[in-house]
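Chain lettering (A, B and C) follows the sequence in which the chains are written, and residue indices restart at 1 in each chain.
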Amino acid sequence: MTNISIRIWLVPLALLAIAIALPFVVPKYYVQFASKALLLGMLAMALNLVVGYGGLVSLCHGAFFGIGGYALAMVTPKYDPVSLWWSFPFAVALAGFAALIIGALALRTRGVYFIMVTLAFGEMLFFLFHDNQFAGGSDGAYINNKPEIAIAGRVLLDLDKPLAFYFVVLACLVATIALLTMLVRSPFGHALAAARDNERRARSLGFPIFRLRLIAFVISGAIAGVAGYFSAAQFGFIAPQTLGWHVSATVLVMVLIGGLRSVVGPLVGALVLLGLEEVLKASTEYWKLAEGLIVIAIVLFLPNGVRHLLTAALGERKDESPQDVKAVAKVEHA
Amino acid sequence: MLEASTIVASMRANGLSKQFGGLRAVADVSLDVHQDEIHAVIGPNGAGKSTLINLLSGDMNVTAGSIVLDDRDVTRFGAERRARCGIGRSYQKTTIFQQSTVYENARLAAQAHSKAPLKIFGDVVSDTNVNAATHDALERTGLTSRADTLANQLSHGEQRQLEIAMVLATGPRIILLDEPLAGMGTQEARKIVELIASLRKGHAVLLVEHDMDAVFELADRLTVMQDGKVIATGLPQQVRTDPAVRAAYLGTHDGAPGDAA
Amino acid sequence: MDLATFGVQLLNALQYGMVLFLVASGLTLVFGILGVINLAHGAFYMLGAYLAYGIAAATGSFWLALIGGVAIAFVVGLLLENVFIKRLYGRDHLAQVLLSFGLILVLDEVRQLLFGKDVHSVAPPQGFGGTIQLTDNLSYSVYRLAICVFCLAMAAAIFYVIQRTKIGMIVRAGAENREMTRALGISFDTVNRYVFAVGIAMAALGGIVVSPVSTVFPGMGDSMLILSFVVVVLGGIGSITGAAIGALLIGLTDTFGKVFFPSVSSILIYVLMAAVLLWRPNGILGRREV
């Protein structure tokens, strides 16, 4: 018993130790890159709650991510930092609220309609921020000072320091993994997966499908808002393009690479895709062409993500962890 | 579970109709089913029996008519709300969750009718009430020894048993069974027939079935449908001798016992 | 707003709606028959416009650009179906979304390689460059009128083909009943290939006909894709009539929205979509119960 629990905790703890040690051994540029990658990984994990566990292909999570960032931009004064204590909950609540409204409308539909409706509403938010001056219009908005973590006037952490920022992001990431793992194992998570595998059956058992999915959608949108808040803080800038559906689709690619049936898989997918982009950008001018072809190849030849590639390469048997929701049904067939 | 259990459960359909484009799949059907009774509905293929069950369970909306559960009009309720009012149903095509174990399937059903079916905190395995209801349902359907087997490893008959176990785990008062014996050998069918007979006590059971042996063994009352309409209803012996039934149903569809599809 | 101005706006709405219909009906056809959601549909609209620019610049003839652009798109469609799309039949929506997203990235780079990222304009064909004087100080472009007429003719042709011909019957059978198509002894693969190519060609055709009245720019495919989706959501998926209704509704909403509510005009069509979702989640002509 203890043997098993040690083994289960061994790998995550080792990875966490590596993540903590990382900023002390790599150059500053890579610390910033790591923060960016972890934030996109957080976004991908949030999206996977809806896509992998809920069976709903959403194309508007870029918009929730962007709203988190815009919320920070709008409440940050020009010359002073804003307090994290209230701007953070505000940003998360705003992203969650947007997810509530869009989810309530989009979840009236199924399958391919859901994809089109989420995509359209995501674009609506893009236009809302792009065409109106209240948030900088098409030029985007600047955040001149990173939010401040202070108690009674004393600054606890200076987010301007890449190291401090990295650890705050890492803490949020660990919290996200814990939250999502709990959700997936809870009665709620099992009901969500049941609705994905057989909606009609889940309904006739008495599960309130609409409410179930809406809750998942809002939680997912709120976590996307968390990632967006810190992402905007990191770059000191947020552009309307962040809300656009190309971001959403790119994050979906991360989800597919990492695998749909695991909480941390999409994080791995984010790291893989961003690493790949770095390599491609460094080696060819036409890196988008290469990336497009790679995406197509992944869809055609690796439908179950890189985990399969690893298991195939290592010749290991697929080890299904017991806490994984077991159903492996395909996401909403045509 | 939601209503006081002292009320004797009953379900009544009044003038139920369902229109699919130009086709009237169910036309002005009225019937009722009471606690401690098995009411069987028979009829040739395409008579509208499955549609009738779908209307009663809320899987489909009615075109006309009303459905009353214990003096409460549930016509406008969706499937999930009807389920929470105590209506449980099985499907003609097995709809268990193939990649989950027998126990997980039944637990999911029990969870749907627990106090907090969408609880976010706490592991799914730790709710004692849910676990008790799950054990109970598996015990009654004779699946206890198969609890840890993956559903897709079960024989066809066992899958049908699990289908019924899931209905039982929701603690229903009204049970709608859509061809529970479909595609089953005689040995397996025997078990299910006994299982259904045991459901009579404490439940109101509406049974749609092709197997005439089983129907005449189980049914307290019998309704015959053809082309969406009820052509006869009453005690099994009366219906068996009804000339309209003999002509319209037993004549065309070889009614010899034991020829179930 | 006087009657003449209103008439001009109405024509604008009609012209806009008809082009939208042309593009969106290609999308809805491909989904209805192949069951594939193609996000790269807008990219072909964009490519069509760039092809029109490229061919017209090289040959000096808009008509050659029209024919050549459509032909190239058709052939590319056949090729893509053969290489990529046919592997998507029966795959889940996620795979379809991501494969077509990959296609967009590739097509965007192809456009970059062939035409660069500059904004271009295309001259209307000879004889269509002028305007018609409606009142003393109000005129209307001949070419815009020609677009209306052309698209109406195309719409009539589409309806005729779908409703009246054997090809249309096969196509409708494919949309409603794949088994029946097989029973008719028609190779389903062939139908799929041509339907996909025609769908792509329709998107490109849309891009070509608007190129003289709108600027040709890299992002035009994205906005057209979103609009086509809204059209399909409004009208109901797989329905050509629904696409026509949806496209005209958007043409009217957008054109008159810009006149009456300029500050919120860009989100009005989404408000319209939200309203339709509340009213009929499967679209105006969509089946209510699935």
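Keep this in mind: a contact is a pair of C-beta atoms (placed from the backbone, for glycine too) under 8 Å apart; a residue touches a chain by one contact, two chains touch by 3 or more.
Please read all numbers here as calculations on a predicted model, not as lab measurements.
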Chain-chain pair with the highest tally of contacting C-beta pairs: A-C
Furthest chain, CA centroid comparison against chain B: C
Centre-of-Cα separation between chain B and chain A, whole angstrom: 43
Distance from chain C to chain A - Cα centre to Cα centre, in angstrom: 33
Where chain B and chain C are represented by their mean Cα positions, the distance between them in whole Å: 48
Of all residues in chain C, the ones touching two or more other chains: none
Footprint of chain B on chain A - complex, ascending: 182-183, 185-191, 194, 197-198, 200-209, 211-212, 215, 326-329
Residues of chain A that touch chain C when the two form their complex: 51, 57, 59, 105-106, 108-113, 115-117, 119-121, 123-124, 127-128, 130-131, 244-246, 249, 252-253, 256, 260, 286, 288-289, 291-296, 298-300, 303, 330-334
For the chain C and chain A complex, residues of the former touching the latter: 31, 35-37, 39, 84, 87, 90-99, 101-106, 108-110, 112-113, 222, 226, 229-230, 232-233, 237, 266-267, 270, 273-274, 277-278, 281-283, 290
Residues of chain B defined as touching chain A within the complex: 57-59, 78-80, 83-84, 88-89, 91, 95-101, 104, 108-109, 111-114, 116-124, 127, 130, 166, 170
